[in-house]
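What follows is a pair of complexes built around chain A, which joins chain B in one and chain C in the other.
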Partner chain A sequence: MTARTVLRNEWRLLMADRPLRIALGLFVVLLGYALTNGVVWLRFQERTVEATKSGNVERASALEQELEVIEAGGQPFSPFADPRSPLVLGGPSGSQTAVLAPGPLTALAIGQSDLLPYYYDVNVYTNESSFHQNGEVENPLNLMVGRFDLAFAVVYLLPLLVLALSFNVLSEEREQGTLALTLSQPVSARNVVTVKLAFRALLVVGIVLGVSLLGALATGGFGSPDRILLWSFTVVAYSLFWFMLAAWVNTLRRSSAWNATILVGAWLVLVVVLPAAINAAAGLLHPLPSRVEMITAQREASNEAVNRRSELLARYLEDHPEMAEGVVADEPGLGALSWAATDAVNRRLEEVAAEHDARRAEQIALVRRYRFLSPALLAQEVLLDAAGTSDARFAHFQSQVRAFAEQWREFFVPAILADEQMNASVPANVPRFGLADEGSTDVARRATVPLAVLGGLLALVSAAAGVGLGRVRGAD
Partner chain B sequence: MIRHIVRKEFTDMIRDGRFRWCSILVGSLLLVSLAHGWVQARKAHEEHAAAQATAREHWETQGEKNPHSAAHYGVYAFKPRLALSFVDEGVDPFTGTSVWLEAHRQNDFLLRPAQDATAAQRIGALTAAQVLQHLVPLLIILLTFGAFAGERERGTLRQLLATGVGWRELALGKALGTSGALALLLVPAALAGAAALVMANPGPVASPVARGVVLACVYLAYFVAFLALSLAVSARAKSARTALVFMLAVWVVNGLVAPRVAVDLSKWLYPTPSAFEFARTVEREMATGTETISRPDMTESNERLLAEHGVERVEDLPINAVGAYLQESEEFGNRIFDRNYGALWDTFRRQGLLQEALAAAAPSIAVRTLSMGLAGTDVEQHRHFATAAETYRRDLMRQMNGDMTQNSLTGDFSYAAGAELWESVPPLEYEAPSLGWVLGNRILSLAVLGAWLAGAVLLASAQVRRAEVA
Partner chain C sequence: MTELQEPNSGATPLLEARGLSKDYGDTRALDSLDLAIAPGEVYCLLGPNGAGKTTTINLFLGFVAPSAGQALVSGLNVSTHDRESKRRLAYIPEQVMLYRNLSGIENLEYFAALGGQGSLGRERLVEILVEAGLDGKAAGRRVSTYSKGMRQKVGIAIAIAKKADALLLDEPTSGLDPTASNEFSALVERLRNRGVGVLMATHDLFRAKDTGTRVGIMHYGRLVTELSTAEIGHADLERIYLEHVRDNGASP
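== the complex of A and B ==
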């Protein structure tokens, strides 16, 4: 009996089993639905990204025109927003929207992209509190429940299908009495089970990867082959983990019903209970600091700053001698004074934010340690990272916006301090935000540890299954 | 006879190792999640109360300034944590916790706790509500899938019926026996919850105890529905295995698949604008008005005041024309905000209602909706607080502009009010909606859950009557 015979028989058996056929069909339908959902979301984000870009162009050209009118002897359109003032041209009315393009595989995993902001308006007033934004308009109820995307289908539903296909891979033969017959042929139990599982794994992984690649093809995800590779690798490792778990349980020589109960229990614990318990334990042991105190700090800093503007300006100029050029020390302009106050508030906010971020990073590091207990958490982490919708990519974007805001300030602040006037040539020369997206090496580096652990878990169950299968005798 | 069946089932359950372990697991998860929720809620409550007091202090001690400057300074409002939120945190992690109430604009609630957490937290937060909505039904399935099918397979069903016991008695006995075993797990949790409710600083919620009692009833109804459904399937199924597989499929669809599908459907049917579009629309309408809401014009406003007071020049007016105009533009802005935010909230509401209707296919949605509603953590109660905060903002602006109009003259920029005016503004006292209001919002879910309960019980009695002995 060759592997081909086993494969052919398996295919016939599978096609004869109506419930399984229905389950497989349903799975394909659900995957298609999940992909459609992701594509709709991706298109929505892409439209917004386009709108922010054209908004940038419109704003800049409107200000340029206004400045040209003023230079030709006209009046500013509003006496309160004279674009010749650097606080206006570099302020909210001249701000530039820095935007993060959707992750290359957003269609496969919506991830955090419905919760975290993906664009910020940057101007001279951008500070740490500017990052407290809501992101996309979304019903909080929908955020709470989550979306039906491919990542969800892979993490939650794929294991169930795997278990339905393989919970009785060996026990059924024993119950039907065909095991002894099969093993009387020149094959080992290990071979039979391997071929049977390989066939099922090819089927399941083939379907999932097929749909994933289709999604990547439809949405231009092939621009990042490394990410696709990472995604596929995770799907394969995660599915194999469940197949091997089923194989191992089958070697325990219990009934099919017992296998089914144990495997469903394992799914429940590893996919549903453990992640939730880990989150709860982490929240209880290492609660995240709340941001509420930041509001109070901001208020107090600005109250104080307003009263000490001259003093703050003096200190600011001491700290930034390169900016002092053009500032009349005895009679500083209003712009310079108000900037000194703004800067003092920004510094204070940075302190509070740094303190908060340090505590948050510490706690998240602790929380992340527990995730090694659950293959579902590990798989979810790498899948989102591969898709470019993980927390890490948004944090990377935020740090770039922070740097860009600094660049923006460097451009405008000298003029603010010196009370200089802006002219029509300025809008064309302001700094432009260009996202240096994280490289695939960054993603790969982050994925190494969770993938290694997932691989370790897979090796562990595979070894157990291998040893168990070596002991299987037809006469049991 | 029924007493014997109940006792036999009950004894079976508690002697069964599987049940013991599952119950210990679910029970401890329930207690841990209650404790976790309680600690979190308490911490959030204290934090918010402190922040609110500081915000008030900032307002009162802002020093002498023009009332309109004070309006720009504004105050912060912090969303209170309601007493029962420790059972079900609902959408709270996904709504902002504070809002800046300032002149000229309605701001969004900022600082969503979920933004500070990681993606892992979205895979499953362990709250008492999650345990009750998902794990307890699973336990019920594990306890009951073999109730009839198992006895039939073992051949004991025939013996049992030979003793003269009726199908109905048998079913009732099995249901009561299982319930008794479950009660061992649920009653202590309910007592712990009740104790926590009494011990915790209840926060601003009307009748927390009544809400708690209704909450308990909702979960009870859900469990009974699940129990009945599972017994019906066990009576009907050919084998215990079929019963288990079927009920597990029901569980997956009910708790995992249907809620997410409902979200997507509601988004497709009632799409929300992008944040970018929304902000742009508000900005545009604030600048130019709409067809029906026109922007106030300063010249027109001044002319009206001059005619009213019978004077020729604004300088001669006994009031400050700028203050009056500011208030007019405030009211114009309010109409624009009501129009846009109102439409947005209504879309959210329609999305929520559609999901509630889809509970017809998955009762977990109905239970989830009712649970959040009673815990005070649903979208409607977030809106309730947001509306209260916005109303407060409008009153505050009216008071500031009114003071400026009445107590200073046009063109007088040196006028400054002091602590007396700031203190005369009452602090924001939020009153959470009543139980009647919450239930009134949730009639659809109540009806759907009721229908599931009635349907499951009827189905169980029909299936049991028609069940085969072997």
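== the complex of A and C ==
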């Protein structure tokens, strides 16, 4: 009875409070805008993925046709790109694009998918520099703030709305004098405030989940109910953390203005300052090698390799005796010499990339260690994982592309070294990239720790709020 | 006519203080108060600011915990029977503060429901507000447009709707004009006639003599004397009051 009475009164108070209704309306508009952004990005990514897939087929088909024409006595379409050469068929002209399809809830969380490559052109020249382009060289936290999407709205704006709705949930009652009249009735402050917060939580979470489900419905996300469940659970836990924090601050018996200052300060620290500080610490303690260093290394290695191609080929064959069959190092073909230079460049780049990767791994380890300090980082991590746009999924994709590039080289390099001619049957037999995407179990396993910590933080502030509310009396 | 509680014929006082004390740090706000208010009795607590009147009311409401002694409502210890005792109490503070953006009806409906009266119909709510002296036309207006007197009437309506055994009034006529104060006294009189026990803290000696059945004068947390209003005149009360509260420069 008390719960229904308080809920009804809260609804009336909300309906009578114009600024609050405007704030709620504005939040809904922002969520709508965030969702639209996500859907626009998703459609763009889907179109790109389709284009790359059809590009693969078209390129293979065109090369196959050209090879058939040549085998029938015709000439290559370009004397500089004869598809009979394995360096051409296995090079950029015949490259295959490895694609990462959008995650199940990409429309809700673009995450890093606009920064990290979701497709790679794989050919014999694919090397470490191919994997160190775009924004990936940046600090991992820099990548976390992307487009204005639902995840951004949830992590950054939702706490502000929660605080706007609850910073004075008890202090206002005290200040306007209704607390004494309320607590002179046979009710406890804990029950009344809990119901008041529950009303606000239902309102906020209902709006966010409503828009989220609408987005999932419009973009086929309902095919992954487990991800929707994970998303929803995170939204609820994160919202409740902020509600409980506000409840606890309200029990400190200070003014509404004081509560507002403290809570906005908490938002600033937990959502903005701490992530930025962790970011700065990661960059300061484990600085990444300069991108210029990688480019310089590539150029130097290229120049040196061109000058010492014959020597490099001999060394390559010493290192790879299995590739030496039929190759005469003293009379190498142009392809073999070219490949020797390419391989030398690749090796130099691998050294630079290894250093970069080691530093980046240290940065990620630092960020992962200290992310527990910020519920915002924890929530964002799980939301991106649920959406399928986390850096872990991109790393998983990239490692498979690396393996595929190796497979591609193993297919073409022997032919390059042996100076073999390709024929029309080859395009149909080149390796194909098939992504083994992450399963729900992988995602659930990754989400367990951040969700458990978020749950722990929620339990902590809930307990503090519960104890504080138990002490509230009408004469406060 | 509004339903009110039938007079309580039992021997148990509706409000009782037994050695009730309250300390705030080193300051004793209330010192060993013994008090019993029977059904149909209006007990007025008089005394200067800081005498312990509001502390006494807060102790009966469970808003503060006693340092010693007990506050009992219909025999129930407030400290151990918080909700049960509050079901039997109605409280009207010096300034009845309501939800400003809601109407008088909506405020009454809310507090009456919290008090355990369920969902009263709109007609019944208006009836109670009119019973409490509020103009029926004002009942549907936002409380932000109400005067202090009108808000006090909503407070009275909340008390009526609750059908409480006992009523706690903390300087309820403070700041009201004489007409509103008279209306208020008449209402308390009606509640008294129906067996409600009333404890009223006030500075208004005239109102205390006029409305109360007994008067207690407090000073520095102590009940220094008790008088029956039937046995004294207005002038006597003023004289006795001044005799007891004349500050000798030190608290006892």
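Here is the rule we go by: the second predicted complex is superposed on the first by the 411 of 476 C-alpha atoms of A that agree within 3 Å, B and C clash if a C-alpha of one lies under 4 Å from a C-alpha of the other, contacts with A are read in each partner's own complex, and residues count from 1 in each chain.
One rule holds in what follows: a residue touches a chain if its C-beta (ideal position, glycine included) is under 8 Å from a C-beta of that chain, and two chains touch if they have at least 3 such contacts.
On a predicted model such as this, the values are computed, not experimentally measured, just so you know.
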> If you stack the two complexes on chain A, which partner ends up touching A:G177: first (chain B), second (chain C), both, or neither?
Replying inline: second
>> For the overlaid complexes, name the partner, chain B or chain C, with more touching residues on chain A.
In response: B
>> If we overlay the two complexes on their shared chain A, which of chain B and chain C does A:Q185 touch? Say first, second, both or neither.
In response: second
>> One more residue to check, A:R12. First (chain B), second (chain C), both or neither?
In response: second
>> Tell me the contact category for A:A463 with respect to chain B and chain C: first, second, both or neither.
In response: neither
> Where does A:F148 make contact in the superposed view: on chain B (first), on chain C (second), on both, or on neither?
Replying inline: first
>> With both complexes superposed on chain A, which partner does A:L217 reach: first (chain B), second (chain C), both or neither?
In response: neither
>> Touch test for A:L252: chain B only (first), chain C only (second), both, or neither?
In response: neither
>> List the residues on chain B that touch chain A in their complex, please.
In response: 25, 29, 32-33, 35-36, 39-40, 43-44, 47-48, 51, 54-55, 58, 62, 76, 78, 90-91, 93-98, 108-126, 130, 134-135, 138, 240-241, 244-245, 248, 252, 256-257, 259-264, 266-268, 272-278, 280, 344, 347-348, 351-352, 355, 378-379, 382
>> Which stretch or stretches of chain A touch chain B in the complex?
In response: 30, 33, 37, 40, 44, 47-48, 51-52, 55, 111-112, 115-116, 119, 132-148, 152, 155-157, 160, 256-257, 260-261, 264, 268, 272-273, 275-281, 283-284, 287-288, 290-296, 299-300, 303, 360, 364, 367-368, 371, 376-377, 380-381, 384, 390-391
> Which part of chain C faces chain A closely enough to touch in the complex?
Replying inline: 58, 61-64, 82-84, 86-87, 89-91, 93, 95-102, 106, 110-111, 113-116, 118, 142, 155, 158, 162, 168
> Can you list the residues on chain A that touch chain C in the complex?
Replying inline: 1-2, 5-6, 8-9, 12-13, 16-17, 176-178, 180-188, 473-475
